[in-house]
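This is the structure I have questions about; it appears just below.
By written order: A, B, C and D. Residues from 1 in each chain.
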Amino acid sequence: MTVVAGCDVGSLTSKTVIMRSGRILGNAIIKSKPNPVESAQTVMQAALAACGINMADILCCIGTGYGRNNIPFVSDVKSEISCHGKGAQWLLPSARTVIDIGGQDCKTIRIDNAGQVVRFAANDKCASGTGRFLEVMSGVLDISVDELGNLSARATAPVTLASNCTVWAQADVIKFVNSGCPLADIGAGINTAMAKRVAILANSVKPESDIIMTGGVAKNKGVVSTLEKLLGHQIKKSRKADPQIAGAIGAALFALETINSR
Amino acid sequence: MRPELMQYNYDWMMAKTLEAAARFPLGTPTETRLALKYMPYYQSIADTFYTAGDPGMQLLNLLSEYYTNILKAHESGKKIAATTFCQSPAIFYAMDVVPVTFEVLTALGGLVWKRGLFDYMDYCCEIGMTETSCSSQRGAMGAYLAGLGEEIDFVVCDTPGVCDTNANAFSFAAAYLDKPFFQLNYPSSLGDARSEQYHLDDYKALVSFLENHTGQKLDYDRLASILTAVEEQDNLIAELEDMFMLEPVPLPPIFNLALYTGRFTFCGHPAFTRLLTSMRDWAWKRAKQGCSGLKSGQENLRVYMCYIDHYTVDMNFWNYLDERGIANVGSILTRNFRDFNTYTREFEGAGYSLDVSSKDAMLNSIAQLNSRLPMVRSIRGPYDQPNMWLEETLAITKLCRARCVIYNGTPGCRNTWGMVKPFAREIENQGYPVHIMYGDAFDDRVESWESTRERLDEFFQVRGLL
Amino acid sequence: MIVAGCDIGSLTAKAILLENDEIISSAVIRTKSRPAASAREVIQTALMRAGSKLEDIACLVGTGYGRNQIPAVDRVESEISCHAKGAHHLMPTVRMVIDIGGQDAKAMRIEEGGAVAQYRYNDKCASGTGRFLEIMAEALEIPLAEMGAIADQATEKLVITSQCVIFAETEVISLVNAGKQTADILNALHRAMAKRVAALARSIGVAQDVVMTGGVAKNKGIYTALGKALNLKIKSLNGNDPQLIGALGAALCAREHADNG
Amino acid sequence: MQAFLNAANQIENHAIKAWKQRGKMIVGYTCSHMPPEILHAAGILPVRLRGIQTEGMEIGDAYFGPFICSFPKCLLQQAGMGQYAFLDGVVIIPGCDAMRRLDECWRKAGNDHENILPGWFDYLDVPHKSEGHGLRWYQRELRNFLTRIEQYFGVTVTDDALHESIDTYNRGRQLLQSLLEFRKLDNTVVSGHDVFAASVAASVLPREEFNRQIEKWLTELAIKKPLAGNTKRLMVVGSISDEIDLFHLIESESQALVVAENLCFGVRQAGGQIATNGDPITALASHYLTTSVCPRMFGKYKERLALLKETIARYQVQGVILQNIRFCDLHGSENGLFERDLEAIGIPCLRIEREYGPLTETGRIKLRIDAFLENID
């Protein structure tokens, strides 16, 4: 039995997936610690515990994410973009476009039927359009990011935000809150602003169906539904696993390939 | 861009909207009032036009005629030129070419359509333009790049002075659509013999470009008659601009829009003469009664907009000025540097004159006219040089007795954003409070109108202006 | 006669009660998502400490982001005017006030009489705000209040350049990943922020005496870094809480207003 | 090579110090449309202005607005920090709006900060057109420019002197060209980082020294073993860059090799020979105005695309990195067109928008480059 692992040390969360013969054996997600080495070890231990095995059982582990070069126990590293492409294709074999909204940036990736990246775009702009944008905003409204996602549905007149800069958008949100504007309209405004920025990025790679969204924001109904409108494509979900771990899954799949090629 | 938007023809929709708007008040007052109920969002905008009386109506007619011309251009065998606001359309009318002035159309889109032309703006970024590119072009231009307007036959723009980002939008459009491109280029200097010669040489190049792509020679009799019309329009504009010096200013804020839109869409065309005449008569009536052009009739403050004066969707900036009783004595866009204008006399070599006595005289006239259009005239060179931005701003501020100066632009205006901080400092040193607006005149997603308004109120209050 | 000033900022809400020029009580609380609630609570706290009731307040002036939502507010004033007024009241020799608030940084030049001669806000995306420090504190997992103290122990000189708060955060994270010391990172953050704010002040011409207002002024790290950047001594508001200056200014407006009936 | 690294890594390099010690004049300039030969012929050291090693932007941001590219801001920042105290003069060229406003911003900063303004502050008005009257204008500009130099620095510049300078610069262009030949090899002996360092050095070193150094280096390269590693051949184009660290970042972990670039600094100075007979100004004018590959020459996209395709073929480029500094719309938007037209003929492209200056975004940029490389086959 070949047991492989993928370890994705992101700026906000770290994930590990352990796979055996193409199936997920177990996984773990933790909030990243200031020190990536620590994050990697903790999340790996958690995943090992979850499947009741130990490090020795892992034949190969591939690392990815911002901290990928600080992970002690990996045999190789891959970029998040390749890993997300690979992982998304495993989650949804019909996927040809992946929209991944991470904590610090946002990527749209077009892949072929093998999960190989054909083309990608990532936002280098100001951080609006990233997961952090939603976190900061929901912080102002003091609700959870998930609640934020549900607001759009209840909105009657969504507000327009200065969506090009997180700090200014935040100032706007506070202003709207202070002017007694309904929470739902503000929330919808935030989700729409977010979706519009993601749409520009997505359209720049000429998205093809099926589209799958990975990363935490995929859980935000408001953003997803607006994004579907803007792209004119339905955004498919995968029930196979939490889309947040797509990067780690991809890394694990690369680990498997490494072994097979040995 | 939202897929469903790809189903609608942009210029057709604009033409029909404006046509309807122009017909609207032809009904009885009651009918109009009742009908307005059914378009709540547009009430304030429509109102701004209708309350401007006949000039407002003339403006609506002019705009709808403009779009109709674009729609009819090809079927009537005319070519369409995509062009910029600092390119006098007179030459196009002389060559029987229909100009599509992206910037003016973007500004209009913001007034006529709820949420403006943001989808087209974003479309430009989706096909490769930078997000930081000039929003004033990206708006309407996006529609044409997406194939939602009449096909563009060639592209004519100005460089530099008009911001690089503006010129760059046109060269992008030309390359993207694979259409012929011409840039009317200017040196950093103005008023000296060498620069004037360059204007003429380059303008001759423009004429032969147009002759090549329209397949017809420039008809100088026709040019003469158009320049004669421009002569008349210049006189009317001069009259109106002198009225900016009256206290109170008899012109309502929307007249600035009329001056700017008219000049850049219909210079030398009868429609603009009609509009100007109507504006002049309307304003004189007000002037004679010594009352202000503002709704309230009460003028509390006079401001000079040292750059542009329109602000994104809904006309909310003009309405804001109106509510606060603030007279806007014009902007860089509304200034016409004809030699006989009062403020033009303030500086050597700043103005142009018209001479239709010979072909060369005509060519030179229109070349010099074009080189005195907004931005390409006064921000072509270092702002503190003779004839440039600082001199122009101070001269007009003094003449019109404005009490403060406001900068309003777009992040795309590299040219002014590169110097506005030291520029503002020097104006402050001359004793005029300056407020720099950080928003985007075409896109309130850069700074929301709410924040913009708050900053303006704060400025007027803290600096003791209101 | 008691008058009150209430300053509802983006991060904190403050209230001050004045009885003929004497500050009889004050309060600072963390803002709630509803400014009206914040206002009610902070004013109540201040009243309680003074042992008086809402009815005793002859005039209440509000300022800050939430100024229009303060219940029973008699009038509102811009933050600029209030900070200037408050600072000038405590120190008539003040000619420049630098206020670093939650959302923005402002520099004001003050005339002898206390009127605002000129003022300027930080540029878009410039990372010189209280919120900036908050996000950095979160990223480094240290309490906001200890930032200054920790930064003092810096040994290595690091550079942080990003103007975007969120990208600066990425920079900080990568510095952490590179094994840099928290103290050194904080020190770099403070210097970066101080430099930007100093540039803001210079843009309208620095004039002494200079004071700092707003919550961030309590951060010793910024306070000293800014002094260095401007290369002058930033005067301390002789013992008064810089965070309360906005509210104080509002209260002073309230008194004037009450006096003029 | 060491001399090049030294010159590329600091503003006031060893040669500049030495030059100053000999009490000779130095003039800085801001754009590749400026013929350094003219200054050279006047016995002045022409130095291309750079913004490397900035540690903040407070001076740059005090004069430039927030929506301005960080390159001119860094130049002003360094000037304000006294890094350009060695300049006796500076020439501002309206390359783009951001760069032309360095004129006002630097002069105004000169009122606020002591002795940061060189004694001679000049403006060379380069037109956006290279045809007929455009070229005539530029020729006149150069003649007037020469006169102003002669007046201010009290020198006379003969045509012979100009011809000599052109000859010296031709030599350098030739040598750079032979350096590029090494890049064409299947398993090349020279890294993009080193070539770029050399071409940056070419714009700040006295030409004679540059020629000596590169001759020496070329002989070393002739016997050098090929670089290790199975690497992908990349080209870098777009906004101005003189940051050799950027090349280091791209080539680190020896997965990629930059075999070509088209950047304002860089090998644009290679090749092209200028006539050393006839009227020197006319010859210089046609070379420096017409051989431009910068989008500031509006309406010449097709020429630039053709050049790009040619280079890609000649150097067997496998992927193109299209980078632009944020707010540099001229390059940024043209990159969008390049991407469309290159991907259409099967050449992978990577667009990056970045800040100029200290490479703080290393993480973000590296992520994109890694992914790009992983997917070039």
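The definition used in the following text is that a residue touches a chain if its C-beta (ideal position, glycine included) is under 8 Å from a C-beta of that chain, and two chains touch if they have at least 3 such contacts.
This one's a predicted model, so the numbers in the text were calculated from it and none came from an experiment.
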Labels of chains that are neighbours to chain A and to chain D: B, C
A-C or C-D - the one linked by more C-beta pairs in contact: A-C
Most distant chain from chain B, judged by the mean position of its C-alpha atoms: A
Distance between the centres, which are taken as Cα means, of chain B and chain A, whole angstrom: 45
Between chain D and chain B, distance of the C-alpha-averaged centres to the nearest whole Å: 38
Chain B, residues touching no fewer than two other chains: 127-128, 421, 425, 438, 447
Chain D, residues touching no fewer than two other chains: 62, 65-66, 326, 353, 361, 363-364
Junction residues of chain C, two or more chains touched: 123-125, 167, 170, 174, 203
Residues on chain C engaged by chain D in the complex (per definition of touch): 123-126, 159-163, 167, 170-171, 174, 191-192, 195-196, 198-199, 202-203, 229
Chain B residues within the chain C interface of the complex: 421, 425, 428, 433, 438, 447, 455, 457-458, 461-464
Parts of chain D lying in touch with chain A, wherever the complex brings them together: 326, 343, 351-354, 361, 363-364, 367-368, 370-371, 374-375
Chain A residues touching chain B - in the complex, by the definition given at the top: 125, 159-164, 168, 171-172, 175-176, 179, 193, 196, 199-200, 203-204, 229-232
Residues of chain C defined as touching chain B within the complex: 78, 80-81, 115-116, 118-119, 121, 123-124, 203
